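To keep things simple, chains are lettered A, B and C as they appear, and every chain counts its residues starting from 1.
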Amino acid sequence: MADLKKLSEKTPENELKKHIGLKASRTIGNTLIYILLIIMTVIWLTPFVCIVLQSFRCESTYIVGYVIPQQWGLDNYKALFQTDFPIWYRNTLITALCVSVLQTVIVLCMSYTLSRFRFKLRKPLMKFMLVLGLFPGMLTMIILYRVLKDLGLTQANAVPGLILVYIASSGMGYYISKGFFDTLPKSLDEAARIDGATRAQVLTKIILPLAKPIVIYTILTAFMGPFGDFVFARYISMNTSKGMNVAVGLWSWLTPDQVQYKYTMFCAGGVLVAIPVTILFLCLQKYYVEGVTGGAVKG
Amino acid sequence: MASVKLTNVKKVYDNKVVAVHDFNLDIADKEFIVFVGPSGCGKSTTLRMIAGLEDISGGTVEIDGVVVNDLQPRDRDIAMVFQNYALYPHMTVYDNIAFSLRLRKMPEDEIYKRVTNAAEILGITDYLLRKPRALSGGQRQRVAIGRAMVRNAKVFLMDEPLSNLDAKLRNQMRAEIILLRKRLDTTFIYVTHDQTEAMTLGDRIVIMKDGYIMQVGTPTEVFERPANLFVAEFIGAPKMNTFKAELVKENGKYFVKAFGAKLPADGENGSLLAEKGVGSREVILGARPEHITLADGPAENAIETNLIVNEMMGSEVHLHVRTKDGTDLIVRVPTIQLSKEQRANLYSGATLYITFEDKVMYFFDPESQKNILFG
Amino acid sequence: MKLYSDLEYLKLSKGQKFLYNLRCFFAAIPRWFAKIGIAIGRFFKNLFLGIGRELKDIAMTFVHGDWKTKISYVVMGFGNIARGQILRGLLFLAFEAVFIFYMVTTGVNWLSKLPTLGTVGPHEEYDEILDAYTKVYGDDSFKILLYGVLTIFFIIAFIYTWRMNIKQNQTAEKILATGKPLKSGKDDLRSLVDDSFHKTLLALPLTGILIFTVMPIVFMILVAFTNYDGAHNGFSNNLFTWVGLENFKQLLSFSDGNKVYTAAFGEILTWTLIWAFFATFTNYFLGMFVAMMINKKGIKIKKFWRTVLVLTIAIPQFISLLYVSKMFAQNGIVNGFLKDLGWIKDPLPFWTDPTWARFTVIIVNIWIGIPYLMLIATGILMNIPADLYESAKIDGASGFQQYAHITLPYMLFVTGPYLLTSFTGNMNNFNVIYLLTGGGPDKAWASAAGGSPGQTDLLITWLFKVTTGAESKYYQASVIGIMVFVVMALITVVVYGLLPSNKNEEDFQ
């Protein structure tokens, strides 16, 4: 009570001043934020702008200390088609398409089951997979490479081998979509069961239509995975150009002996890879955000 | 321990929706004021403007004579209990209650005294080290009240504090709030949608609808002399029966024609009507369910109805009846007034005869919906 | 020690409270260990009791069972067929046939060679037709180990199936005794989309995990106890064989010969942990900060700011990382730009100086990581009930106090598990390190440690290098992999024990 008294003495005179002060400090705060955000935007966009600009550079093919090309042209893009780049692109695209379909099916099976069914081995199974996940996945590559090689699925035939490797263990990545299924009320299932649906019908008729965001999220991440994966693809293609994906292929242009000749082509290739993936991503951004935030919160 | 004065307070949202129109109210020191009304009537918005959680679009709010429009909530010296309790989930009960005192840099031993004292009053001493999650709804409610209590704030705001409790607990907490009010002896502003809470708690009740004040008055006033049809229907349970009727003045005497019957409206109401000089006219007639009685059989002025639903409430029976012209009415009869045969006859479809008690009839203007006698 | 009642405890000053809690914590440690001990003991007790129960049950079923049941002990599925459950019976029978066929034709062979991993290496043999010595290949250690493991898996599966077969006979007898009919093959098939739908759904994913994850991991763990490497590839040059704990001894003993190896491991592990710590927490706090900036009331075009940041997620990492790596190169854009400004004369050693490189990696990772955290934090911040802030405002909290007392604790509670996975994920963040620095700059003294690790190599990139180099020390990769597992498991266990959100997962709901 004492302090309101104090305020009541002060306030009438200071009221106007205080009011302006409040507003002004808010404006200053927001201006600061805008400045920070603009700086961040510049930092975030610089590499992407640079890579696009450099892909049009014709005067030299190696790394230079400036950004704006002195001679513009499509030479780098034309040159791409003289190399194995189209093959890498096709490899990656095939892999990505197959993986996005198959992996989605597997992940949804896994996450739906673990979210909805209560069977004896559920908890042990989840714990077991948690432990499995602590092993570096790369370790399994050594043996998988040998086995795939015996099956003839490496090097020039790397694409089916790679698809197999990507999808086979994708059941381990059930976590985020399980989190989503957990948020769908169980009473929906129960109502459908009472209405006479079998478990399979519950999944196809009730849950899947409701799970559209997470399905799209899973497809999107599964599709983008092969575009970014480097280590497995490199292992399985084992220096055979015909079996590489874009990541490994373009990486090979940046090795010390190649970089002088292929640097600007790398930029051009990067732009060609990034454009469709980025457009796709930005179109489906909403679902991605839903998946990422939901998954993290469910943890 | 402060008066609160609202002058022409207005709330307009960004999308031009007006939530509160021109709200004027003087709240005296130590008064218990209840804002009541259906959801969306602006009662919570008004409270939040007093708290400083909403910007005030127009008019002034004064606490203790100081205009607080531009003060931060923390500078207004108010305490508030939220509908969902808003307990800090990561703090223990003790820390929750102590939070505001700590922010005000109060010495720890003083905090200890106040918190344990409040906890004792509220009966939550045993839970001081628990987290809110480990408490039941009623206990959480007590913690929320305790948090507001220790502040010794000038004004105590409560935003539907009981609506998340089950019926039994709600009754119990309501009684406790009355005791609390006696103990704290400060100004209370209480928001609820439940007219029972409003009637039992408030010194005065502010009944709101669509951002307008419908009536301000003591519980007795708003019950006995509702200013308009809305207040009349809102206060009282089961709600008042209202229907079109004709007021007839014959030889200085007033009658009401409804459902083919002609009922005398004499007694107090008759003289009041005469005082006001009301002539014959159409009215909306209001009759509370407890002011309709069952007649033994067909008689003069008795209205024939069909029983539709019979709700046995224990000490009383609520009879939903339908008149010949299809108007639904509710009749409330104390169970002990019913004889055995009468009770046996309360099946749906049974024919019942009802009469109105003339003293407690309300007359509303069909156009303005105002109470003709007290509007 | 003295235990306080609630009220006494609350009366203590902050320091005393802390000391009291600390004492309680340490006092609880012995109990904690005792609990673990009891749990382990109970596990084994239950295991042996369980096995005993199973054996007894098997014996009792045999004694009390009818002749159909008894025959099922040898001919799996006989009981099912005899009682009309043709489909089940045939499946059992087929499984038994396959198993026996496999064991007789190859299984026994692989199993018998498993203890030695092969005895006959590649050698020269006289070929009469060519009249010359030609190379002849003998055993293949790799295949022996692989098929040996597979055979053991198979045997376990067979025992389990055999037991199931017996149990089915038992239940069938019981059901028939009550006069009810048994489930037909049709019922069984129908239950695959209904009551046992989970089995149908899990069949494919779990098979994949079993073959492509579990089996390789078991195999690779076993490799850690062999000398499998480029020089002993098990087939075309030398066989490899069991060496016991030798590989672990090499890593953990500080003997002269292995000093470099041990030291390199220690240093890389330290850097891995430092990296994971900074990579996780810089992103976490900066991401939260950015999210709060963008979400602040009054900031316009929120969607634009978000989309700009999200670009780093949208564009495949290998492009952005490789490109950024070249931007910071000696002759790259960044150095060129700084030179043009006249701020520097010599290029900054972004990737050539160890400290610079480590620093730059963390900075670039912020560029990569903030957008994720921004998205996550945005989602969580929006979930914080508004009335908590309102209540705090009325309680008198300033903007910063609201952050410190509500936003931050809330975020930490909700994202506790996420922080853990993010930490372990960063420990294994192959892409960022390998594509940015390739592990470099060189760590000359450690080249003898195998795989020639660099200054910014994490355990995981080192592991990769170990397997791809000329030496291809698979056993060493396996040992490193196991160590990664051990470290991650330790962190997980400890953090899960301490994590508030684990104990109070519903606090914020």
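We take it that a residue touches a chain if its C-beta (ideal position, glycine included) is under 8 Å from a C-beta of that chain, and two chains touch if they have at least 3 such contacts.
All values reported here derive from a predicted model rather than from experimental measurement.
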Closest to the centroid of all CA atoms, by its own CA mean, is chain A
Farthest chain from subunit A by C-alpha centroid distance is chain B
For the pair subunit A and subunit C, the C-alpha centroid-to-centroid distance in angstrom is 20
Distance in whole angstrom between the CA centres of subunit B and subunit C is 60
When centres are defined as mean Cα positions, the distance from subunit A to subunit B in whole Å is 55
Per the touch rule above, subunit C residues touching subunit B in the complex are 6-7, 9-11, 13-14, 385, 387-388, 390-398, 401, 405-406, 409-410, 413, 500, 504, 506-508
Residue set of subunit A touching subunit C in the complex reads 26, 29-30, 33-34, 36-37, 40-41, 43-45, 47-48, 50-51, 63-67, 106-107, 109-110, 112-113, 117, 119, 129, 131-132, 134-144, 146-147, 164-165, 167-172, 174, 198-201, 203, 224, 227-228, 230-231, 246-247, 250-251, 254, 259, 263, 266-267, 270, 273-274, 277-278, 281-282, 285, 288-289, 292-294, 296-297, 299
Per the touch rule, the subunit C residues reaching subunit A in their complex are 142, 146, 190, 193-195, 197-198, 200-202, 204-206, 208-209, 211-214, 216-217, 219-220, 223, 290, 293-294, 296, 298-299, 305, 307-320, 322-327, 329, 331-333, 335-337, 339-340, 367, 372, 375-376, 378-380, 383, 414-418, 421, 424, 428, 430-431, 434-435, 459-460, 463-464, 467, 474, 477-478, 481, 484-485, 488-489, 492, 501
The answer for subunit B against subunit C in the complex is residues 48, 51-53, 72-74, 78-80, 82-84, 86, 88-90, 94, 99-100, 103-104, 108-109, 112, 115-116, 125-126, 128-129, 131-133, 147, 151
